[in-house]
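The same chain A turns up in both complexes below, where it pairs with chain B and then with chain C.
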Partner chain A sequence: MPAPASTPAPDPLDRYSRQVRFPALGEDGQRALMNSRVTLCGCGALGTVLANHLARAGVGFIRVIDRDFIETHNLQRQILFDEQDVADNLPKAEAAARKLRKINSAIEIEAVVTDIDHTNALDLMGDADLILDGTDNFETRYLINDAAVKLGKPWIFGGVIGAEGQSMTIIPGETPCLRCVIETAPPPGMTPTCETAGVLGPAVAVIASFEAVEAIKVLAGKKEALNRDLIMVDLWDWTFRQLKISGLLGKVDCPCCKHRKFEWLEGEAGSHTTALCGRNAVQVASRRPEPLKFPEMAERLRPLGEVRHNAFMLRFAADGYEFTVFPDGRAIIKGTNDIAKAKTLYAQFVGA
Partner chain B sequence: MPVVRIPTPLRPQAGGLDKIEAAGATVGEVLADLGRQHPAIQERLFDGAEIRRFVNVYVNNEDVRYLDDLDTPVGEKDEVSIIPAVAGG
Partner chain C sequence: MIYLDNAATSFPKPEAVYREMDRFARTSLANPGRAGHRMAMQAEKTLDEVRHALNQFFRGESPERWAFTLNCTDALNMAIKGVVNDGDHVVITDLEHNSISRPVRALEQAGKITATRVVSRDGYVAAEDVAAAITPKTKLVAMTHASNVLGTVQPIEAIAKAVREAGPLLLVDAAQSAGVVPIDLKATPIDFLAIPGHKGLYGPTGTGALYAGPRADGVIRAWREGGTGGDSSSEFQPTLRPYFLEAGSPNVLGVAGLGKGIAWVAERGLDALREHEVGLLQQVVDWAERSEGWRVAGLWDPARHAGALSLFTPEGISPQELAGILDVSFDIAVRPGLHCAPYIHRNLGSFPDGLLRLSPSPFTTADDVATVLDALTEITAGVA
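On to the complex of A and B.
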């Protein structure tokens, strides 16, 4: 009997043939993608779209970090999750990892269910070639910015509300960093959140897709093609703008990238959050540069139900939790002992 | 007259408008006129004479912080944009 013909091993590039044929990426770019590592911070609306694109594109290693569980109202826009994940009470990072492994078994996915803070940020980002923003709050984004600038690693910012969004690519030393462009986050009451102003799934997908293309350029070593502007899109009014920010590098007195003072990474800025023992409540302490404006906050929160406030506190209920907010930004959230959950609620209803 | 583009979160303080004509030859003058027309916006944009640190202002597509900040000249056909940070995701 003749020996069976040996079948050649399948070319690992075959499944990516349609993007390899895109000349600007090519085979060298694809091989670079397959040898690269990404840390994805947050796996909600932006994060699921980002993870989906990058896993399908063949990024070799993706660390998916998220502190939250999946709820039914996430399914409108968080494209990796389904009703079964909600029924199974899966953490977002774990559910995303399971889905991503089914999409592409040739890459490595690591699920990390944690709250990114100053104690773990450098560990989670230190071995990555690129850090991606899938978060929903500026507290975490400034922490990512600190870590990325300190480590000298590129990261990509994205934010969405309603039908509009922003994105920018940050290459430490070459472009302005997040704090050069957005010196400080708007205080609560001045900024809508997805919970108060709503958000459309396609708008998130557009911004996350901008981030994903930039990620592919960074990882494939095609830096010359990177976006150097602050991109602003409003898909309802149909406006698209490229705001010039490159002139800010070195011009603004940035504490982070100019003075290398990493306030979030050193735990000087940001929240100091503790569970209040035996009270089924968590205190979220977020230092604010100026006192909260309760009348404006109350007006913004009014669609959620009754909001009571005096000079010392503001109280409202949402999603079955009771929030008591103090002028300095501190809040007590009743109905949970889970610090990560409380921080999510704080970002959602009080503000970034 | 220069036009100021009002971002979505500030439109309730601007009678729902997305663009408002405001007089002035510098960014500071244009925003001051905007504040006179819509006083509720004034407080959102300024802390005393200083622009609030979380508010970014652009003339056409250029950030005024690498131009001359509030002294940046504004021409009759220029567009001044107030750009808030977008937090969600």
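On to the complex of A and C.
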């Protein structure tokens, strides 16, 4: 009997043909992408756009990490989610993974529903070729920065508020790290967040797309093409700035990449949460020396409703949670016993 | 810092406790009973000495009736799970800390036992109410000596007498009373006494003990089994006290510190220590009486009180917020909330927000308390 006629297996590169034809990437670049591993920290607005681009581009393994569940107000900008995901009360990481597997079944997606902290950061990032920032807070970014510098792995920072965004690529040893450029985070409550200042979906997509292109360059081994500046964009006023930061490398007294003091990774810096005994409340303590300025903070939070403060505390309510913030940055968040949820609320409304 | 959370664990410890732990760790920290060398024998000797000190302090039957534990919760679990059998009935009270109520509730939920919770009035449990809860099936009465929320000291002598007459075993949780209120095991028919080493006896955390009296012999099972240092050839846990209940390497360093803590308490005398703390709490009570919105929880009877007191806080500010402000703006440590004792908060009507608990120590001064009360006055004046 003749052997059954076999159809040749489709070339795995076929589906990426339009990208392979882009000469700067080419076949070697595509193969490198397919053999690469990415850890995506945070899968909200930035994260969904990043994951969407990289899954479609054929990055071989994507670990999607997020501690939150999808809510209706996420759908305005978090492009992998839909109304059914909200109805199903899915964690963002899991919903994203399901969608990404439908987009590209040839790659591997791992969903991790967890809060990234100093106890798990190295495990979650240690096997990646690149770490991507899809977070909404500086605490996690400094933790990523510590882990990336310690591991000697590249990472890409991105952040968006309103219609403004920033991004930079960090290659440890070759470029300044996040702490070389922004040594300490602004104190909690002193900076706008998406929850207080709002955010436009397309602005997020622009910054995430910048990050995604840089990611493709890193993973495809095209480091010579990388942007080494800090990019600052305002899409409403239409300003576009590139800050030359390469000169900072080795010039600033950076505690992280110069002195290799990993304060976030060692758990010395950052917040500390405790579920409080009593009614449904979590205390988030942010270890910061400088006291908060309640009048400024109250002004910033005013759009959310009534904000009351005296010398000892500032109170406001948002999304059905009650916040009591103390001058040292700690907050009691009433309405949840879930520590991860409380950390998210803290990042969203108090800011870190 | 002004530390008023001594009901959770005492701080600071007497200087002698710090010195002894440092000395012991540097010179004698071998595993007691596990070898015949001099350092192991020295460690063993420390355990024996502190066992002896505990027995003297509480006037127990004999030192080997004291088993060292990790803390008071560990001692309570050891007693409860060591004596209760399927079909038994257990009596507890609504003053219990979760360290008694949770093990009992779990056994109850598993369908193994039934339990009755005696209701307190103004923070006190009456001996006749305990006696009335006892049935022919009652194996154990497990209750606290002093409420960790209210500081009220229970009439344990009368209760012990009533329980002994009725027959069940009596387990007393002395978490808040050991080192504060006299407990005389020769005069009071208590079968099990569970104590923490790190509160009123001024040892470090990680220390505690369970006293098991003669009526427990042959009744209590070893809740934890393993190496005891001697008789290794046996396939089973040795029956010899205290090793029977003491499997695993003991916290001999902590016990060394505890020994100095007990000596410190014995030297000062329980009456003097308790009077100091109750005197400080009297300041709080007087202040609460003249301050709008503040109220002492439970009945205030200085003659029947240990060193903790809880307050209802004024409308508009929760105990958690007050504790946060005291810590952030005044460097004062107190404990808000339910204090791991949900039933008494339900009884008092302070569930689920809880109360604000103040618990001084011999190291607290009248000036410290005045500073705290001034801070509370200032904070509540600022609440619109």
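Heads up, the rule we're going with is that the second predicted complex is superposed on the first by the 344 of 352 C-alpha atoms of A that agree within 3 Å, B and C clash if a C-alpha of one lies under 4 Å from a C-alpha of the other, contacts with A are read in each partner's own complex, and residues count from 1 in each chain.
The rule we apply is simple: a contact is a pair of C-beta atoms (placed from the backbone, for glycine too) under 8 Å apart; a residue touches a chain by one contact, two chains touch by 3 or more.
Because the structure is predicted, anything quoted here is derived from the model rather than measured.
K.L.:
Given the touch rule stated above, what does A:Asn137 touch, chain B (first), chain C (second), both, or neither?
P.N.:
First partner only.
K.L.:
On the A-aligned overlay, A:Gln283 touches which partner chain: chain B = first, chain C = second, or both, or neither?
P.N.:
second
K.L.:
Report for A:Ala311: first if it touches chain B alone, second if chain C alone, otherwise both or neither.
P.N.:
A:Ala311 contacts chain C only, not chain B.
K.L.:
In the overlay, answer first, second, both or neither for which of chain B and chain C A:Ala87 touches.
P.N.:
Neither partner.
K.L.:
What is the contact status of A:Ala106 with respect to chain B (first) and chain C (second): first, second, both, or neither?
P.N.:
It touches nothing on chain B or chain C.
K.L.:
Between chain B (first) and chain C (second), which, if any, makes contact with A:Lys251: first, second, both or neither?
P.N.:
It touches chain B, and chain C stays clear.
K.L.:
With the two complexes superposed on chain A, say which partner A:Ala225 touches: chain B (first), chain C (second), both, or neither.
P.N.:
neither
K.L.:
Look at A:Ile332 in the shared chain and tell me whether it touches chain B only, chain C only, both, or neither; answer first, second, both or neither.
P.N.:
The answer is second: A:Ile332 touches chain C but not chain B.
K.L.:
Looking at the overlay, does A:Pro187 come into contact with chain B only (first), chain C only (second), both, or neither?
P.N.:
Only chain B is touched by A:Pro187; chain C is not.
K.L.:
When the two structures are laid over each other on chain A, which of chain B and chain C touches more residues of chain A?
P.N.:
It is B that touches the greater number of chain A residues.
K.L.:
Once bound in the complex, which stretches of chain A touch chain C?
P.N.:
It is residues 276-281, 283, 308, 310-313, 324, 326-328, 330, 332 of chain A that touch chain C.
K.L.:
With touch defined as at the start, can you tell me which chain B residues reach chain A in the complex?
P.N.:
8-9, 18, 44, 47, 53-54, 56, 58, 61-63, 65-66, 81, 83-89
K.L.:
Quick one: which bits of chain A touch chain B in the complex? Just the residue numbers, please.
P.N.:
Residues in contact with chain B: 42, 44-47, 133-138, 158-162, 164-166, 181-187, 190-194, 197, 199, 204, 207, 229-230, 232, 234, 237, 241-245, 247-248, 251-252, 289-290, 347, 351-352.
K.L.:
Could you list, by residue number, the parts of chain C that touch chain A in their complex?
P.N.:
318-321, 324-325, 328-329, 336-340, 352-354, 379, 382-384
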